[in-house]
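Shown below is the structure under consideration.
Chain nomenclature is as follows: A, B, C, D and E, assigned in order of appearance, with residue numbering initiated at 1 for each chain independently.
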Amino acid sequence: MRIGDAKQTYLADEAIWTSSTQKIWFALLLAVLLAFPFMASSYLLYLGCLVGIAVISTTGLNILTGYTGLISLGQAGFMGVGAYTVAWLSLNTGLPFPVTLLAAGLLAAAVGVLVGLPSLRVKGLYLAIATLAASVFLHFIFAEWEPVTGGMEGLSLEPAHLFGLEFRSDFAMYFIIVPLAVLALFGAKNLFRTRVGRAFIAIRDRDISAEILGIPLLKYKLMSFALSSFYAGIAGGLFAYFYRVVTPESFPLSMSIFYLAAVIVGGMGNLLGGVLGAAFMTLVPEALKLLTAVMTPIWPNAPVFMSPMLEIIFGALIVGFLIFEPHGLAEIWRRVRRFFHLWPFRS
Amino acid sequence: QDKDPIVFGGSIPLSGVFAFAGIHLHAGLTDYTNWLNDQGGINGHPVEYVMEDTAYEVDRSVAAFKKISGNENLATYYGDSTGFMKAIAAEVNEMNSVLMSGASFATALTNNEQYPYQFIPGPNYSQMFGIILEYIASQGEEGDMPTVAFVYSDTEFGKDPIENGKARAAELGIEVVEEIVTKPGSVDVSAEVLKMRRARPDYVVFHGYVLSPINEFMVQMRQMGLDTQFMGTFWSSDKLIIDKMGEDADGYMGVMPYNYYDSEEGGPMLDALRAQAEKSDPEAGYRPTGYMQGWFNAMVWTEVVKRTLDAGKELTGDNMAEALASIKDWDTGGIIGIPVTVKDMSFPVGRIWRVNASEGRYEPVSDWIHLD
Amino acid sequence: MDAVLEVDNIEVVYNKTVQVLRGLSLRVPRGAIVALLGSNGAGKSTTLKSVSGLLSLEDGEVTAGDIRFNGQSLKGRPPEKMVRDGLFHVMEGRRVFEDLTVEENLVAATYALTGRGQGVGGGQEMVYDYFPRLKERRRQLAGYLSGGEQQMLALGRALIARPELIMLDEPSLGLAPLLVEEIFEIVARINREQGTAILLVEQNAAVSLAIASYGYIMENGKIVIDGPADKLTDNEDVREFYLGVGGKEGEARSYRDIKHYKRRKRWLS
Amino acid sequence: MNILEISQLSLSFGGVHALQDVSFHVPKDTITTVIGPNGAGKTSLFNCISGFYKPQQGEIRYQGAPLRGIKPPKRAALGLARTFQNIALFRGMTVLDNIKLGAHVHMKTGLLGSLAYYGRARREEMEIREEVERRIIDFLEIDHIRRQPVASLPYGLQKRVELARALAMRPKVLMLDEPVAGMNREEKEDMARFILDIREEWDVTVLMVEHDMGMVMDISDHIAVLNFGQVIAEGKPQDVQQNPDVIKAYLGNSDIDDLRKRLNPDREAA
Amino acid sequence: MDWLFFGEISLAGLAMGGLYALIALGFVIIYKATRVINFAIGEIMMFAAYLFLAFAGGMEISPWVAVPLAVLGGALLGGVIEKTMIRPMLGESPISVVMVTIGIASILVGLVELIWTADPQLLPSFLPREPVFIGELYLAPKIAYGFLIGMAMLILYLLYFRFSRGGVALRATASDQAAAYSMGINVRRVFNLAWVFGSLAASLAGILVAATGGLSPQFGIIGLSVLVVVIVGGLDSILGALIAGVFIGWLETVAGAYLGGEYRMPATFAVLAVILVFKPYGLFGTHEIERV
């Protein structure tokens, strides 16, 4: 049971954490994130990094789709732009990773703006398919522009480096990826307690009224596209450093669907939802494999039988969650929390 | 047995686009491991085979590798795709403790500088094209060479050998009269067939497919009255083609480095394989080429590990790569019909087989071809 | 008198958490016009939705009590079935099909006649008779109609369905005074000519009490006062809070000199 | 002085003439009301002023300068604020955020500032918060709901939040489209009081569309009547109320006793 | 320029386009009633094709019985999916429902792998194998007959929705479910029928496409490439599906033949982009009402 705190100033009232309980929880979370790589197996570490990358990209897509209401199936394409930028720069210039990542974000943002241009007229699912078109073009460019992208072969790159330090292992990459993910979340959180974020939500809820109330639609839609693709570009750049190889097939359409699913299953227009969704989509297939591992000793043929089963279960989980709670995991989380807040006094 | 086990790992595509092969790869690897343990393992070390399903997705394959290599003391590993082999290369190179091979015959993997610890359990795709083209050349004569068309899928897999293949064709004086790229899998190819109708190649080489659209090309081109000879590379030369196409498959040719399960060839290892397959699943009958590939993979691993241990060395990546490179005129006990020698981390050997539809199987039409 | 609709002590909860109706009862005699008044958020629309079964679409649930239409309990009956049985709900906020033309909106309403063995023809002409303006706009998308025109269309759809009971949720919302009169006259006419009973939810208390024979006033999910329309019109609280007639003199209060404090309602004390 | 001058405005959609040659003025610091039958073009007129509809002909002058060519957001920045006939609140936001959104045009923070929430961005947010709290939330008596999502509010309060949002736009002309539709007498009285107070305390001209004649006649200084897209009368409330054209097209006889007789002949007879 | 070749290519493209149109019809019918793009259409097609395989291949039922049986099976599947997984989502935002269809796609793929294994398959041939000549132009028999069957079905649908109340009920439901209920429209039934008839069209298309292109658990991807068609035609227009289907089929084939297979997708998506700039709701799609 928590008791509300009285606020002295508006600043305190608008802070991200409005109670000391929340601050303690957050500090604890940071501590866990920090300790994690020292305790986790290489596999868990790898998954941690993957989730981190997914969180960045999902948060980006959430800004665009969840908060601004512009459904996009182009996220994988934008990530590809980021990944190729990093790969090309690190091969051809040897710049350190902060520079290459920034460049990846910016180039992806520029492409995002280009793709967003029709969004003033094209809406809803039509827009979603238009962004799908963008990702088809991007894939085409990745595959065919050989001198720059290495064609179907793709590009292999050196590990990320800074001040002579090389980030070769997953352990090292973790310390790039996770801080960036946290930063990305903070940025988004700030965004939605200020002017620009409110404008995004307004456009999502009622675009025409928003315009009459003083929000230039095209400018803000493009801004949302830019920011979202910036996040995607960073995530793509990290992806490149993480796997150290980039090919056109690294960014298939199914990846865009993956991120859209993460946003929706997590809870559209909810940052925590994005995090939960990214973790869910990344980890559940892995977790399901534990089932197979449990069964194999008893039944050697289990892997063959179980893999279609896992596909069925995974699909059923998505369907089931959405039927049970169409507003996503974030809403389920909120319910759980409310339960504990009221806990001793629940009837 | 109290010696430490030797661990074979694998990222195996039991679901997804490549599942049709993955299931048999898995069976081949499993059966070989069981057989080997029945023989007493490797120098008394038992062998364990640890795998995970990947759905043929690179990130899941990588996850499986991290998980397995984290939990086990891995010696060798089976990778399910070219993408995975490339993605994991940096890590494998740094680990210097695992030797890797797998389902990919990608040409790039024979680049020893970039992929020092990865090998190909057969010829790479370019070498397969080489073998096919050599066969085609042998059917013509100076100045009157047959013409050929390449049909391949718009994927990394599909495009892999095309440049090299064209270069090799030019060397042999074979004209490539048409080149067709399609999406993989279920597509309508009527328009492409129309192009073939004009190009009139003597040979069509398919690459990057399993079944469709090979059947459509063959049926439609024959309907048009063309008497083209159709050929394909490893993954396009399974018995599946006969099972699914029936009579229409007659005369189709494939390049295959291993003997087919139901071929008339024999040999101690091939017999052992058949016996083990029969034992593990009496119902299954014929075992596809994926099974042979899995089995052969594990055979090579065993040979490499054994050579390394015999030399009194640790199972590091470098030592195992060295042991692999030392394989020369190796008798595979009938899996491959002639003694084989490793070159650039691959086994550049193969044979052309032809479908006899009424018998329902492939029959050899060439000698074993060992590229040098 | 025989009642076409009886609502007995119902309770309604939204989202399994918010209770909106707390033991509400009312009845609509056959062929009568009954008004249901109440402040915003009192639960008037919720009452209608519980009757027509549309509540379930909004995650609401009738947790107690019973509703009977023509003597039969409506529990578990799907909403479209009730419409076909003659219970038509004209929803708050008009709810015309915006992407359909006026004419297609009327066609959609003919589904209410399913299974009644009546032809579907003729209805449209009747609607155009009542609302000539709709005829001019028959091929226009309903989404582009003005607010008033949309309200006419919503009523027109009810006419097509030839129901036994129409539940009207704020039909005068956003209508010009002349049109309010017109529409209420039409409502009265439908009631008279076709014997259709009408349950009328309204903010415009003056007109509704003028047309209705009986009235209920609800606050906070229950009926606080009810009676024949004339009686209600004379009730002091009703006069003050619903009719805007101040003091004993019966003079209409001016909006210019509204007191900045408010008198407590008697029924709340 | 007239803050808005509308001259010979025409607007049509396909064959529908929403506005035809409409001309009238809105004197500064008045409450001016536009009335007229449904579909007369009142909302369309607002939309023309807001810039959402582009009239085919005619001109709107605001503070002496023509508005043509100015995009809607810019018009909002110039002080043309409004509410909407069908409540257009942003359902995904709290009451407070909805109101703050109204102040959008008066803030400057860009994307980077927003992401960082530091320095000017934060200062600006605080200033707006303070202004909203002091001048609007207290004034409209909505402090108890500021943290609630608007979707869960009763209708009357939603209308009040819309008004609050319009006030946050620091309007010079406040356009209210049917501010008391769907309200009961009590709530209407509250709203009327707010409108009167706003005019007095905020130095704002109110331009209103409303069908509730009781309120319109009581609080308006100036009334224009539209019918079929044309102005059929203009003037003081009493004058308009007497105008036979207006009665015929719009008001009806509005005698409740007479109406009662017509609606309920049986009961009257009994 | 070789006009004969161009003619033949075009003809092949148009015929393939007919099948695209039929798939697009599956999307359109469901979208019309529910405002949801059904991402599982491809998988429903696949399922029906496997059913046909089981009937005609496995049980050796005559293809002329097996086709209708499999098509009905696919339609039934659509109905069951609607009833169990879509109906509980009534009233939720379309995008959540779209996500549910993506989950359904995954379930169907798993089911197919479980029942029929992951091996690629060919359908028993049931269409005449003699080449079809139109004048001098050669046309592969499978696509020629596929085209005819597909068109017949499309025109049937088109006529039904032109001349019956059904279309109105569908659109009314899509526009406002609660209001549709209050008109006496059985919204659940409309949803169900939309899924049944959408799946019916898709199933027929699935069998016809699989008959030319082969079948595997990845078959469903074709559904995604047909999205271009529905967007160009307009998500809720049957006529649009027909015209855009034929057009995109033609364009894709011609681009593939003259530029190379890797240009098929970019070419159609380029056309999509251009069309959306000028017609944001496709060629025949309903414009969203924009008012305040």
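Rule of thumb we're sticking to: a contact is a pair of C-beta atoms (placed from the backbone, for glycine too) under 8 Å apart; a residue touches a chain by one contact, two chains touch by 3 or more.
Chains and their UniProt names: A = Amino acid/amide ABC transporter membrane protein 2, HAAT family; C = Amino acid/amide ABC transporter ATP-binding protein 2, HAAT family; D = Amino acid/amide ABC transporter ATP-binding protein 1, HAAT family; E = Amino acid/amide ABC transporter membrane protein 1, HAAT family.
Keep in mind that this is a model prediction, so the values were computed, not measured.
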Q. What's the fewest number of moves from chain C to chain D, given that each move must go to a chain touching the current one?
A. 1
Q: Using the touch definition from the top, list the chains contacting both chain A and chain C.
A: D, E
Q.
Using C-alpha centres only, name the chain that sits farthest from chain A.
A. C
(Q) Count the C-beta contact pairs for C-E and for A-E, then tell me which is higher. (A) A-E
(Q) Based on mean C-alpha positions, I'd like to know which chain lies farthest from chain D. (A) B
Q: State, to the nearest whole Å, the distance from the C-alpha centre of chain A to the C-alpha centre of chain E.
A: 32
Q. Using CA atom averages as chain centres, what separation in Å is found between chain A and chain D?
A. 42
Q: Compute the distance, rounded to whole Å, between the mean C-alpha positions of chain B and chain E.
A: 37
Q) Using CA atom averages as chain centres, what separation in Å is found between chain D and chain E? A) 48
(Q) Which positions in chain C are in touch with at least two other chains? (A) 144
Q. Residues of chain A touching 2+ other chains?
A. 143, 206, 208-209, 212, 307-308, 310-311
Q: Please list all residues of chain E that touch 2 or more other chains.
A: 110, 113, 118, 262, 265, 288, 291-292
Q: Would you please name all pairs of chains that touch?
A: A-B, A-D, A-E, B-E, C-D, C-E, D-E
**Q.** Of chain A, residues touching chain E in the complex
**A.** 71, 118, 121-126, 129-130, 132-133, 136-137, 140, 143-144, 206, 208-209, 212, 253, 257, 260-261, 264-265, 268, 305, 307-319, 322-323, 326
Q. Across the complex, what residues on chain E touch chain D?
A. 292
Q: Under the touch definition given earlier, write down the residues of chain E that touch chain B in their complex.
A: 2, 5, 8-9, 12-13, 15-16, 19, 110, 113, 117-122, 129-131, 138-141, 143, 209-210, 212-219, 221-222, 253-254, 256-257, 260-262, 264-265
**Q.** Parts of chain C lying in touch with chain E, wherever the complex brings them together
**A.** 52-54, 57-58, 78-80, 83-84, 88-91, 95-100, 104-105, 107-114, 141, 143-144, 157, 161
Q. For chain D, which residues count as touching chain E in their complex?
A. 43, 47, 52, 84-86, 88
